[in-house]
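Two complexes are shown next, each including subunit A; its partner changes from subunit B in the first to subunit C in the second.
And now, the complex of A and B:
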């Protein structure tokens, strides 16, 4: 996991918080935005952040972005194979 | 007079969908005016409702052509940028590409920027002391024989390559002649090395031709003796009360492992390196920061929302893609949209070969054939189920 890199990438200023959504949260998200899972932005399975979380292809990652306009907002990406 | 807790709960109740920042600002302002004018509960409610209304009016309408607006908003100030600026990073003599060339570089997602630069921050221990900062800089700075040599000669008679080392530079780099010899010996099995004072003699083991000697000499010359690969000169600058190292060249992955470096703040201007080491979300942030920084340097201001949109489009696939026919535009579904952009004939031929069908869903296709464009009110479609035969009673 993150240990092999020597430091936690989430500690870096540029990296926002990432979190894996549970199955129920996934359902809820897709219902809320009335979208199919394939319409979400993607993130590669080999992405350092995905690897650090241990997410698998098919998981949805919730990203807590800091924004100069909105303060904090959430962005979602689906993990895809490379 | 209304209690602050009432204001908070009122905001949470009436305006839960507002962005966090707006809610916070609203709360702070309300507290302030409440003290001044002793508002009534009804008044507070009215203010919040008014703010919600204003917010809803300001939100982008569905069907708004945000991409076009972003392109125009970034494009217009770009015309005022200097066409080619090489600027110095502060007092130091490091070259940085700025202005329009830099913007193009970012948006094209070049694998290697023309002037890669790292900004290395140091940890608590090394931050405040120049000597300690130098120590870290030495570990990072790449050094080759060329950097240390005073003169280099080729002795054709004895088939030797002789390097005179500058003692001053040698000391500055923290290397010794012995260390250089050892390092070279372990990397070059095909040659012998001899040290005599500040002179290094390179003798290829089997060199019949002059070209062999030349080849080995070239390799020895540019062999990295210490430091990180890809990194050249380093410069230490004082920023506020701490020392920061700037490097010419970039090796982000390795620099984070160097002891003394603060890995949480250190960065590079190579966006691909950031994507590789810190992930796509960090790369998105880096794109935004780099564009904003470049614009600011030129005294121009673009609303971040436009830049955020560009960065979002560039990273939507999980990899950093350029804007252009190899990236974002090239990935468009519609043949006509791609053909309308660049290399028209090739796109049409390829589409014909594959038998592609264009459902004419996008904007460009419809402009091209002269139909109403699915933008704004044009997005709305009506569906109606007509009774084919009169309904039975």
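And now, the complex of A and C:
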């Protein structure tokens, strides 16, 4: 599960910041958009960024992307099994 | 004729499921038992397929279920009780899958309790995502089918074989271990399916209440209403029944025979034969193109069109009648230009205006007008074609009844009157690739037979007048008309959502004319000015002071006239396309930066055609070119739309295009072969450039042959040579072009068009006047043809410029036969490219639209699909409507600052 030795993908300039949401943040997110877990965009557990983070299926990942139109743009994805 | 009594309800939701036998019986108005339609007198037989309880299609008869007559009764379902159950072909595969996944004894799904719990959880997580769900269901099936012992009751399982279309075998073993095949009849299958408990159904992909698996085996067959399968009476008086009716007759006949045989205790073999026959008829009744089943044929040999055939394909119910349908109140004809109508108008031929109608309610305010129109009748414009009385009866107006109807007309009636000037209509040209392909226009009724449209709206429709046809639709309700007016009118689409700039604007002569009007030194006399302003429809009381008086004659500059069209208070500056000498723009730019609103006289002294400066609605410097009000980069137009509104922009565009047209027609504008005349001296210089280039190419080739050429990084020696030769030749053409440009000035019409952006590029002029240059295929010099050479006129292995498609002649001087062939080769590539590109991009567009069509922006700013799955948490990441954006950016900060400064200055 852990990242391969000596290489941190998050250090790469093209990989945006990833973060696992806490339980409270999860609640808040679902409440904010009035959605069920199944209505979130998904990301597979085998995704390199997810593996590097050590996130498990059911976790929600926050991705902080640089956007040409909005500056910073947050995207949320639910980790699912492959 | 009375309108159909319709029950007005709103569809809240739609659910799909399988009809249960109980439901079929419940919705049935009659059980059908007689395999016949009409008796000898042509009267529907009771219990037959045309039973009056299923609705009526004969005028004069009354439906026995609802009591309504033909045309009012919507029809009612009946049912057939099948003597033995049969498989529904549409579910044959599903049945196979379910049988394989479940225990043959206890009916439970062949998974352990833990597995069931696990999969249930996964199913919940997957939610409405169809692809993921299908995958999961497939996985469950695979796992369950491999269990050869039931984990619940321990019963041994047998593998199943499915034979298309509806036969199922169980591969059993006898006591000795010999395999034998047991045919499972639908009764047995149904028994098994019945045993499956509700709680296992979600894992099989079924909803326990809406689709029990045993309902996939039919015991009762619904009979569609007569109105769905009407019989046609031919002229000869013979009735021809619908294909569905024919098929139902077949089913009933076999069903009855099977029933009597069973009752008579016939041998099992005969019963099974008849059973299979019943199965065949029900199968073809549902889908006559089932693979492995010979299609049921009509007497003439034509295959019958049964249920599935009615729905499938381009002309089927979905694509042909629901996604797309034929409409009334529409017209189509050839289009032609009319520069005198506004951009939001459309010229409608009189003949069309008298055919298309708008329903108008009679009120005390319009009763006189409408009475007049009714009195005119359908044949005199402006008239009316129908009146609708307060009871909703639609009465056709004719010469014979128009006086009577005009008399009866009162408040509460509705008149379907002819199209009038100012009515709102939708105008469309295929292919409808973007929202600007359908826009709302106002009607202008005109003589002759073509639709007329303003030239400025050609680009959004991508229309020209080489025979194009366009469609017109008349919205019939006030709501639709208001919606079209508010959302769809042409001026609302001047700014394209594609790049946040104008897509509608002046084209071609509008630009050239604007330049002729506003360039330095363009002056007009009083009579000219009065005429052009009148022509453009500019309404002013008094002309401004003349710009100069010579020999007692007053002159106005084109800039002054142009300024009359600009909104008051407009201040803007930019470098335009004509600016080829930045040093002439810089002093002006500096002046503006220092003073913001410098003294007009000061500006006029520095005035340069390449730098536009408009101060408070007065054009002080610069000529008008494509950057002013042309499509795609019209700065002035852009600003007017955003700061003065779309209506003002429409007015500006209407006036400015007409003004430009007046100028260009009265000044005279043409281009001929002498526009490409170059003096002897220029031709000599061009020839010298070509000679030098060819020499350099030859030297390169020699160096290559001598092995002295150094390869460029990442390229072979040959590639290096090619790229070097191409660079030399490209440079030669550019230099020749520059020479030509030097000798052709702004008094040359072709140059005016190219430089202002009205039409063509400088390159086109170069190709006409100086030389064509290198012809290429896929970015390479021409090289295919004969072995080692392109044409047999050259020596094999000749790598020289002329042997590989470099054309030293111009269109004007004329091409040699070899050059002509090279040119054709290059030209052919262009043609193939466009053909391939349109086909590919069309397909890509179709796929994209299919994938994206149901996405919408919700009120919380998220982009979601219809099931609520989020695609973007904020539309476009910034939530900005590109149509309201500044060239794609949220705000134009610079312009905001300038405007604030201007406002401050105005207060002082």
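List of remarks:
What we mean here is this: the second predicted complex is superposed on the first by the 78 of 82 C-alpha atoms of A that agree within 3 Å, B and C clash if a C-alpha of one lies under 4 Å from a C-alpha of the other, contacts with A are read in each partner's own complex, and residues count from 1 in each chain.
To be clear about the criterion, a contact is a pair of C-beta atoms (placed from the backbone, for glycine too) under 8 Å apart; a residue touches a chain by one contact, two chains touch by 3 or more.
The model shown is predicted, which means the values in this text are computed figures rather than measured ones.
When the two structures are aligned on the shared chain, A:76 is found in touch with subunit C, with no touch to subunit B. When subunit A is checked against subunit B and against subunit C, the one touching more of its residues turns out to be B. By the document's definition of touching, of the two partners only subunit C reaches A:33; subunit B does not.
After overlaying the two complexes on the shared chain, residue contacts for A:67 are found with subunit B and with subunit C alike. Legend: residue contacts after superposition of the two complexes on their common chain; A:47 is shown touching subunit B, with no touch to subunit C.
Judged by the document's definition of touching, subunit A residues 41, 65, 67, 69-70, 73, 80 lie at the interface with subunit B and also at the interface with subunit C.
By the touch rule above, subunit C contacts subunit A in their complex via residues 122, 124-129, 860, 862, 864, 867-871, 873-874, 876-880, 888, 890. Interface residues of subunit A facing subunit B in the complex, by the touch rule stated above, are 5-7, 9, 11-16, 18, 41-44, 47-50, 63, 65, 67-73, 77, 80. Against subunit A, the residues of subunit B that register as touching in their complex are 19-22, 24, 256-257, 263-265, 267, 274, 276-282, 285-286, 289, 304-305, 308, 312, 315-319. The touching residues of subunit A, counted against subunit C in their complex, run 33-41, 65, 67, 69-70, 73-76, 80-81.
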